[in-house]
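Pasting a structure here, questions to come.
Here the chain labels run A, B, C, D, E and F in written order, and each chain numbers its own residues starting at 1.
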Amino acid sequence: MTSPTDSASRTGGRAASELRPFEIIPHVSPHAEGSALIKMGNTHVYCTASVEDRLPPWLKGKGRGWVTAEYAMLPRATKERTQREAAKGKQGGRTVEIQRLIGRSLRAAIDLDALGEFQITIDCDVIQADGGTRCAAITGGYVALAQAVRLLQRTKKITSHPIKRQIAAVSAGVIKGTPLLDLDYTEDSSAEVDFNVIMTSEGNFVEVQGTAEGKAFPRATLDQILDLTATGLEELFAAQRAAIEAPKRH
Amino acid sequence: MTSPTDSASRTGGRAASELRPFEIIPHVSPHAEGSALIKMGNTHVYCTASVEDRLPPWLKGKGRGWVTAEYAMLPRATKERTQREAAKGKQGGRTVEIQRLIGRSLRAAIDLDALGEFQITIDCDVIQADGGTRCAAITGGYVALAQAVRLLQRTKKITSHPIKRQIAAVSAGVIKGTPLLDLDYTEDSSAEVDFNVIMTSEGNFVEVQGTAEGKAFPRATLDQILDLTATGLEELFAAQRAAIEAPKRH
Amino acid sequence: MTSPTDSASRTGGRAASELRPFEIIPHVSPHAEGSALIKMGNTHVYCTASVEDRLPPWLKGKGRGWVTAEYAMLPRATKERTQREAAKGKQGGRTVEIQRLIGRSLRAAIDLDALGEFQITIDCDVIQADGGTRCAAITGGYVALAQAVRLLQRTKKITSHPIKRQIAAVSAGVIKGTPLLDLDYTEDSSAEVDFNVIMTSEGNFVEVQGTAEGKAFPRATLDQILDLTATGLEELFAAQRAAIEAPKRH
Amino acid sequence: MTSPTDSASRTGGRAASELRPFEIIPHVSPHAEGSALIKMGNTHVYCTASVEDRLPPWLKGKGRGWVTAEYAMLPRATKERTQREAAKGKQGGRTVEIQRLIGRSLRAAIDLDALGEFQITIDCDVIQADGGTRCAAITGGYVALAQAVRLLQRTKKITSHPIKRQIAAVSAGVIKGTPLLDLDYTEDSSAEVDFNVIMTSEGNFVEVQGTAEGKAFPRATLDQILDLTATGLEELFAAQRAAIEAPKRH
Amino acid sequence: MTSPTDSASRTGGRAASELRPFEIIPHVSPHAEGSALIKMGNTHVYCTASVEDRLPPWLKGKGRGWVTAEYAMLPRATKERTQREAAKGKQGGRTVEIQRLIGRSLRAAIDLDALGEFQITIDCDVIQADGGTRCAAITGGYVALAQAVRLLQRTKKITSHPIKRQIAAVSAGVIKGTPLLDLDYTEDSSAEVDFNVIMTSEGNFVEVQGTAEGKAFPRATLDQILDLTATGLEELFAAQRAAIEAPKRH
Amino acid sequence: MTSPTDSASRTGGRAASELRPFEIIPHVSPHAEGSALIKMGNTHVYCTASVEDRLPPWLKGKGRGWVTAEYAMLPRATKERTQREAAKGKQGGRTVEIQRLIGRSLRAAIDLDALGEFQITIDCDVIQADGGTRCAAITGGYVALAQAVRLLQRTKKITSHPIKRQIAAVSAGVIKGTPLLDLDYTEDSSAEVDFNVIMTSEGNFVEVQGTAEGKAFPRATLDQILDLTATGLEELFAAQRAAIEAPKRH
């Protein structure tokens, strides 16, 4: 008898500690200072970095910069159509929560004093959703951010090196007692525990969020999950580096 | 001396009556009942058709269906970042005007009585903008709509044939006195007259909008523009048919 | 047998090419720099022009002025009460579309550089609606605008002559195949094709909008409609001139 | 020496206890079930009554009706243009306060049980403002309401007599120590005390609102004001009766 | 037989002219420049005064200050839970009306020129509601305001004496023909007439609002009510003075 | 030399693993089905539980209940006044994030199937803020929730036992390398790492959120923090039990 926790039972015969097939396509936007389309399985997120020399009022004249993020899903990124937030007239709670997380995470990559008085906005638009969109947005958003900073350096707008470390994120969960890396939507829907782990390339945590879905979890589970995510993140850091080194095609 | 109205002076040496290189890629969304990514030069619009059996209150129980459209641009679809409408808390006047036009135009393709009590929402999200986004949205949106109706037929949800004709749209303008087909953003910015022509595959008009930008235009100009657009639309109708016949890849 | 397209069958025995009885009453507002109440049959629109020396931020310090328009209907201007937009908390799509059209049209009358750093807001409030409100708003709004500019000249705030031409608008449509000028609400509801033509007093087009209502139309129809509207507009231009010359009564 | 409290010093030589020239023109709207244009000097308010058989959810199925009111000013009803509330996206505090007062006052005219399951909405739109708009709205709104109820009776939709009494309103104030009836805008701006008195035709109070503007007032002032308003209201009750008896012209 | 107008029939055997047991607890907030928790029976309102040297734009640079107020109820201050206004996305009409009244009333206490360029915001949050919340907010808000001004004086930010007089408020009503002071919620629900009287410590009126609930009232009733409230207000003025003199505990 | 991480340097000489003085006062609201005022040092949160038999649309008719939460701060709960969210017209991102966390956490305490078709809303209003408001809201909110369920049982509205376990929350952080329990606002402002740990009385995690503030943290830090919070939570569980057993005073 096969159970959902057998490796055979994950889509494509994926192992418990295996990421979905993924790809980070850099330089997808002809206009943005940095951009990447990240595909984690069927989750596709279009990330752009926009540099402005206009800071929010509360940061003006302090000699330091700012990184912020916005997140949205196309209405039909999901199995059922989701109402467009612009039409509803406000961003939902989930959107607000996610975009605050992305911004907070990416600010850990950068020395805002070294950036100087620039604001970089990372827009993460989910073209297709199949679980793990917030983690994909962070991993792809970092690539867009790093490119934008490189452009500032290449065009001599800054002479500093504000990027201090890579940031990537991955989800994990527990299904029928077995910890699994990088859940897709179907897995996520039946998970008992749901984690998002955001890490630096030095192996330190930027943010750890673990939530029990219906059943509280013991500390042993937390430990297993943190072991599992570390390996997946190594692969993502390597892919980020390759994407950032890739030449602009336009 | 070359002027912007010489064919040599258009990007890529395009003739006055020539469309930009274009492509309609069908079935781009794994979830939507119909979908197409339309590229008109550097304008890329992601169009999905979502079928619901839930009608707006004012149409319930009348035995007929409805087609509506929503339009948005990703914040960095444009040269400068545009503020996200969901963050602003409302759709701008331009957005509202455009999505009403798209919905109105696509309803001309379909017999709503024959459709029966289904609502089809066409979402047109501009991934990159380089002029002519509303026309591209109509042309691509028609493909998504036609696919969605075919799916209703194939899955036996309807036995009627509600699609009555193709609908496509193209822009044209006048620069330094010369009418030009399918303006890109740079051309559009310097045009004296700006037209959007929405037509049926039978050669009749669904909507004609001609606007003087700074200088009113005589009837002769209107006549030249209408001649010009008719040829471009023929090409688009052929591309729509090819896209609709293409098999779903997923 | 009489059909709706017989002249006899229009309200008051109106001919196909005949405007409704109309009147432009100038100087109706004791406060506004320019104002007119325009009556096209049972459509009554109260138009005021308000001059301010405060420009929108994006126009400040450029030495040129701006003309913008706002449009609304009193809740009971219509047969059934319409919900008040201020109570709903937003302007509907139709309102936004119309007021953008009015503003765009009236800017064609004026040399904004010659106006200098003034903003003129044209408010068009529909007191009674019986079809053709947007065209009436443009025709009446022009009178208010021209008066306001005259006041700027008379009070020596400007020495230039920014009004370059008159602008007026009229609707037309096709009912049972026959083109008719200046539709009232009942006619409009059963029209197959609906046009709004905005013209300069020099006979050039500022904007042409033709929309098929349910049935696409051939180019011959477009030609007939444009012939029809030209004559009606001549009458409106004459009435505008008379209204502008009329002395202020207050 | 003349002071603003001399009768000679009021506009038009008006006495302290004299209303401005006023007029109530009934049946001004071709669509509304009841309507009146009330002119109190240069304050002009267009009042309509709209009858619907659709009640607010909290009143459904209780066998009784409802009367509510909405109030707005045209943007240029005032000396300086006021921003349109529909454009701002919300009704201001003053508007909300006034329309609640109008609704509350007019409900005192009517037996809601006798009305039966109808909702009557009184729209009061200020075309020109010169002080006292809320009182004019109540006095004119009553006429529209009474006409609408008569229409329900004439068309046999109700057989009851829900109108129980007339309601009218007038303002008064104190300038340099002298109580004055029915202030215009200039007077109102310099008044030390500002009263709105809403009364029934039986001489009882529906609402009394007295506000010190800068200087608190003794009880003697309150008594003088209440004497003053009683006489003015008698005239308004007579004018209301005449307006309601007038035949519909359309 | 006892009726609701017998003193014996009021909760706790209260006489018609007797206030509920009340208490003004000063200095309840560790942060605010002034604060008081006022308890009128089971109505508890938490009032704070916040001083800012940032004025609203329309008052800047005029050398004078401003006092404004905001009012809200905790969702479960009431017998049934009330929807949170922040969640609804707007303040209701009742809230707007009340907070305008509080601000207007408290400005009567103070010489804004003497205050200088400070804005003081009085926040009145109803923790428990049992009738008379707006009057309690004014009475308690005055204490917070007076403390804040004293703090400005003690810290030498101002050398003037802007507080000119005390302001307090009390409600009264008529039940079965008998005037009663300081209604609780149950009494208020069955009152025929409802008054709010806001007075200065010199015995003058700042605002008088009398509203007939279902039945208009004669002038004699108004006179009785004004007699009744004067005595209650004396007690409140004394309690305010005691609260202001009390030392800060933190 | 003393550093902020010496126990002596915490306010009141608190040890690193010591909670602030705290108190849970039950039954503070006369109206709510459950209520508690929780004081964690100078953080005071007023929590009420409101039971309704009206479910959100998406849960109707499924035989199970729902628990949701709302969170707000009084404007002057903070050192500087915060703008009222009802006045701004929307809840901020921080508010939305916190109230979603509270609702999610408290749902872990309860068997929604056993609850049956009731919705319980936990309102958490911060009267004073000094760090750790979201954790205090969860700990206090649980008490209100448990009381409300007891009331349903006592009044025989349910016969089941839906409360399955206690839920409490506490924050912790790292300052100059030393982990500290239950940070106050001053400590929180200088912390390098910030954790919120939500646990069940059985010692399992409901949610773990750890965020690096400026500096990413190694796994060893995470382990230390989780040890620290476990002891603090034991004390809070005991205080919850005492508060729930306390008799209602009203």
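As a convention for this text, contacts are C-beta pairs under 8 Å (C-beta built on N, C-alpha and C of every residue); 3 or more make two chains touch, one makes a residue touch a chain.
What you are looking at is a predicted structure, and each value in this text was computed from that prediction instead of being measured.
Counting steps between touching chains, the shortest path from subunit B to subunit E takes 3.
Farthest chain from subunit A (centres taken as the mean of C-alpha atoms): D.
Farthest chain from subunit B, judged by C-alpha centroids: E. Here the spacing of subunit C and subunit D, counted between their Cα centres, is 33 Å. Distance between subunit B and subunit F, defined via averaged C-alpha coordinates, is recorded as 52 Å. Multi-chain contact residues of subunit A (touching two or more other chains): 89-90. Contacts between chains close into a ring here, every chain touching precisely two others.
Following neighbour contacts from subunit D out to subunit E and onward until the ring closes gives D, E, F, A, B, C. Subunit B meets subunit C in the complex at residues 90, 93-94, 96-97, 99-100, 104, 108, 165, 199-200, 202-212, 214, 216-219, 222, 226.
Listing the residues of subunit A that touch subunit B in their complex gives 29-32, 35, 42, 46, 48, 50, 52, 70, 72, 74-79, 81, 84-91, 95, 121, 123, 125, 127-128.
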